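Next come two complexes, and both contain subunit A; in the first it sits with subunit B, in the second with subunit C.
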Partner chain A sequence: MENLSIEETKYTPKISMNAATGVIEMTGKSYPENTFEFYAPVMSWLDEYFSEKAADITVVNMEIIYFNSSSSKLFFDFFDVLDEAKDDNKIEVNWIYDEDNESAEEAGEDFIEDFENLTIKLVVKS
Partner chain B sequence: MAKKKFISITSKLTYLLSFSAILGIVLASGATYFHTVKVQTAKDILTLSQLTEIVALNLFAAVEFDDEDSSLSILKTLESNENLQVAYIKVGDDIFSSHTRLGVSDDEIKALLKGVDAEHQNGSSFEYIDLKHIVVTRPISFEDKTAGSLTVISDTKALEQTLLELLVTQALAALAALIIAVIIARFLQKMFTTPIFSLGDAIKYISTSNKFDITVETKSNDEFKLLFNGFNKMVSIINNQNNELKSQKEFVTTLLDSQDQIIVTIKGADLSSVNKSFLTFFGLSKLDDFKEQYNANSICSLFSQNAPKDYIHAFMDGESWIDYIINRPKATHKIMIYHNNQDHIFSVTGALLPSNDGLKFAVFTDITEVEEAKQKIEVIHKKTRDSIEYSSLIQGALIPESKQFNQCFDDYFSLWHPKDIVGGDIYFFEELSSQDEYLLMVIDCTGHGVPGAFVTMLVKAIEREIVSSLRSNIRATVDETTHGLFDSSGKVSPAKILTTFNRIMKQLLKQEGADSISNAGFDGGIIYYNKKEKIMRFAGAETPLFYMEDGGLTVIKGSRHSIGYKKSDVNFEFQEHSIDVTEGMQFYLTTDGYVDQNGGEKGFCFGKKRFQNLIIEHHQESMADQQKILLNELSSYQGEEERNDDVTIIGLKI
Partner chain C sequence: MTVLEDKLLAELKSLKVESTATIDKLSKDLKRQMKIMARSDKRQQKEYDELQTKLQEVEELSSEVEITQREVVFTMGAIGESRSKETGNHVKRVAEYSFLLAKFYGLPIKDCLLLKDASPMHDIGKVAIPDAILNKPGRFDEAERKIMDTHAQLGYDILSTSDRPLMKAASIVAYQHHEKYNGKGYPNKLSGENIHIYGRVTALADVFDALGSDRCYKSAWDDEKIFKLLKEERGEHFDPNLIDIFFDNLDEFLEIRDRLQDKF
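Right after this comes the complex of A and B.
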């Protein structure tokens, strides 16, 4: 399947999803006007990725320094897909945040709480 | 200055050399002539004098003895001198005897004598010469005795002959010199003027054809060769520069012609050059046609009279339009040109070109369509804005009045700042039963602006339904509380109210199906306050409650579940918190707009911690002051960033 690559904008993060290597990365800010529409290709890519043969290990690196509440809901849905796929696939999530970014840290902690069976690692950048 | 007559170098050389030759000859001839005359004359006089003296000596006896015949025969001997014309002997005033060469007329003799007599009367020695005659007189004497005088007159034929020969020789010499001078002049002319002419031809070629592809050659190796080499080098340099200039000019022309914008250069006030777009716009083939067709040298005469005041006109504050534009490079300048029965609007920039002839250029970008579209958009925008502003009146009417809060709380603030004119944040405050039971809801609907506001309307409708149901059942028995708004002991339950909201929202927005397209909903917190029982119950959907008690801050996290949205669980049970309320407690309920605003150095969220610290720090101040502080802190943190969401905070003091 094809890789997905979305360039960073003022309101949306840089997204790269590589089916062959199994590396999924999101970096930047996320407060699009219509969050669900913006992330629709990401979600459908993910569905297709797990419905076909995924990589041996799927590594998700998320470094979102700023996001609005609807993005937060979207990430919940995103982790939900990972959560459902975790039994058949090896998945590792790195939630990367700046040490001063209290909201990002808190969000990461919430996700760990919400998806306790998913491997989510908090990675602090100093 | 009078124009000097053209005289060729050949003529000048010929004149000069001829003049020199002639002058040389004249001077030489003159000198020779006078020298010859002097020497020959002296020689002739001497010869004649000697002859005369000898003859005079021989004549003494004949004169003394009055023997005329012998005197005549002696005189006749003088004929040996072929130039001698007349000889006569004078005794006193009388002629004693005379001899005349044969063929000399009497008249001639008389004429000769006439001059002599006048000069010479006393018979002493005398010599006279003019150009025709030599006259010599010698006394006829012997020892101390003088008998008379002998006068001999000779012509100057010998002298003439000598002089004639001299003249002929010199004339021939002069002629030869003249011929040589002309030949030399021709040669010199050829030597000097041929290279000059070839140089002249080259210059003429350059000046008429304006081409520099020429070299000049000379066979000689002299200063001309140096001159030619220098000339060739100069022409070659100019040629190279010319070619470079030409290709640069072609490049610039191609570049300018490829532009959609009209680009013109202006000298003084007149158009100096224009690009293809200019000609295309005016339907012309060359700039001169413009000048002819519009009887104008400047484009500003076509600036439309209909142009609004803020457009550029031909003269602006005493400056020409182009200077006005050049002097205000940062401003946007618009020009309207009337052409083809239509006003065209251009955005114009200009600059002074870096040449010393004061050439300026202006670039006209046709923005007619953009301007028209802009006007249309402005109309649409105004309509939309008016419409939204009117909507905001409707939404504003939903906001509780302050007297409702005042009758319940000692102090309070309500901060409600939609990001746009209307917003997705809303809050409600309802009295459920007279003076002792109240319900506060702070709600953050999906999105903001118009879609957010639509959801608030829906939420308001559901809220009315719920509140009226609460009011009518609040005193009912436990068994009758079937609306899912009360807990098992019949008390008003914010958690149940949230569940009810969730159920109704999902129904109304048809979110039960997996293929539902509406994914709207809200996060929010609900407080039920029973003033009489001094109890507060709280339930939150992704919304926390903050409260201050005895200087300490407590945060009650809301449940991790939103209201509405496709994914939400219709049976989700929200967690309910009960708080015993004491005097002086302060409660804060906020949507995420405040804490999620980005800003600061790294663009992170404002954050809950920062919000909590502000509350702790300022909780003793009045609610109005706290509101001010919260707002100021937000805007200073936000800095240059945009507001991202609606902001709503309600602060209550018991």
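Right after this comes the complex of A and C.
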């Protein structure tokens, strides 16, 4: 399957999803006007990735420095897909944030709380 | 039990399982939504607080810049005046007269305030005039007069390098405050409305104040003599409209003169 690559904009993060290596990365800000429309290709890529042959290990690196509440909701949906796929796939999530970014830290804690069986690591950048 | 009843029970059972799953999912979603909203509210509050603080900082800073600019400009004007042994109050009075004239002339208040701040710099070019000429008692000879008259051009040269609105206005004032309505002034012999309104206003404000003050080369004139000259120069040295405005509102100009009189 094809890789997905989306360039960073003022309102949206840089996204790269590589089916062969199993590395999924999102970096930047996320406060688009229509969040679910923007992430639709991301979600369908993810569905297809797990329904076909996923990589031996899937590593998700997310470094979102600013996000609106629709994006929070979207990330929960995103993790739902990972959560469903985790029994048949080896998945690691790194939620990366700056040490003084309280919102990002709290969001990471919320994800861990909601997805206790998913491997989510909080990675603090100092 | 019949086969039908068995089937019905089985359906009910699966419906129950499905509805439990749906309720579980819905309540999970609901909890998430509440959490997202609470987080978002907290963040918005923090962001708005930060925004207000930053905005206040910017406002304070910009007012600081404005005040500093005004003080520097005023001080520059005072330097120009002190070089010719005049008092700091001369520039203050010229500023106030200029503001009033501009206001009654009908300029937008923003421009009146700009002119008020800019007019004290009208003589800044005098910093480049030799003391011997600047402070000479009595009349200038022709060569001295020529040198003295360069202060308008010198002031313009000093101020016109800046793009700031205040400095631009000041450069116009410095350049044109010795132009005369009839075209017989200097440095460019401009006439009528070819002289910028800032120049026409400051010309009248400056002369009115100079006539009423003691200078190294003359004593202060009395009011009767001053008013006579201003009337004679209506449409000659001065913009006739401004002379009319001046006499129509004479009390206000005299009030400024009284309030800001020189103290020795």
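The definition used in the following text is that the second predicted complex is superposed on the first by the 126 of 126 C-alpha atoms of A that agree within 3 Å, B and C clash if a C-alpha of one lies under 4 Å from a C-alpha of the other, contacts with A are read in each partner's own complex, and residues count from 1 in each chain.
Going forward, a contact is a pair of C-beta atoms (placed from the backbone, for glycine too) under 8 Å apart; a residue touches a chain by one contact, two chains touch by 3 or more.
Since this is a predicted model, take the numbers as computed values, not measurements.
Superposition of the two structures on subunit A leads subunit B and subunit C into a clash. Of the two partner chains placed by the overlay, subunit B and subunit C both lie in contact with A:114.
Of the two partner chains, subunit B is the only one that A:36 touches; subunit C does not reach it. Legend: residue contacts after superposition of the two complexes on their common chain; A:85 is shown touching neither subunit B nor subunit C. Between subunit B and subunit C, more residues of subunit A are touched by B. Of the two partner chains placed by superposition, subunit B and subunit C are both touched by A:103. By the touch criterion stated above, A:65 is placed in contact with subunit B alone, subunit C being left untouched.
Look at A:4: by the touch rule set out above, it reaches neither subunit B nor subunit C. In the superposed pair of complexes, A:74 makes contact with neither subunit B nor subunit C.
Listed for subunit C are the stretches 38-46, 146-154 or 236-244, of which 38-46 clashes with subunit B, judged after superposition on chain A.
Overlap of the subunit B and subunit C interfaces on subunit A comprises residues 68-69, 73, 76, 102-103, 106, 110, 114. Across the complex, subunit B is touched by residues 29, 31, 36, 65-66, 68-70, 73, 76-77, 80, 98, 100-104, 106, 110, 113-114 of subunit A. Subunit B makes touch with subunit A in their complex at residues 444, 446-447, 519, 523, 542, 560, 562, 565, 567, 592, 595-596, 598, 602-605, 607-610, 644-645. The part of subunit A that touches subunit C in the complex is made up of residues 68-69, 72-73, 76, 102-103, 106-107, 110, 114.
On the side of subunit C, the complex with subunit A involves touching residues 28, 32-33, 35-37, 39-40, 43, 46.
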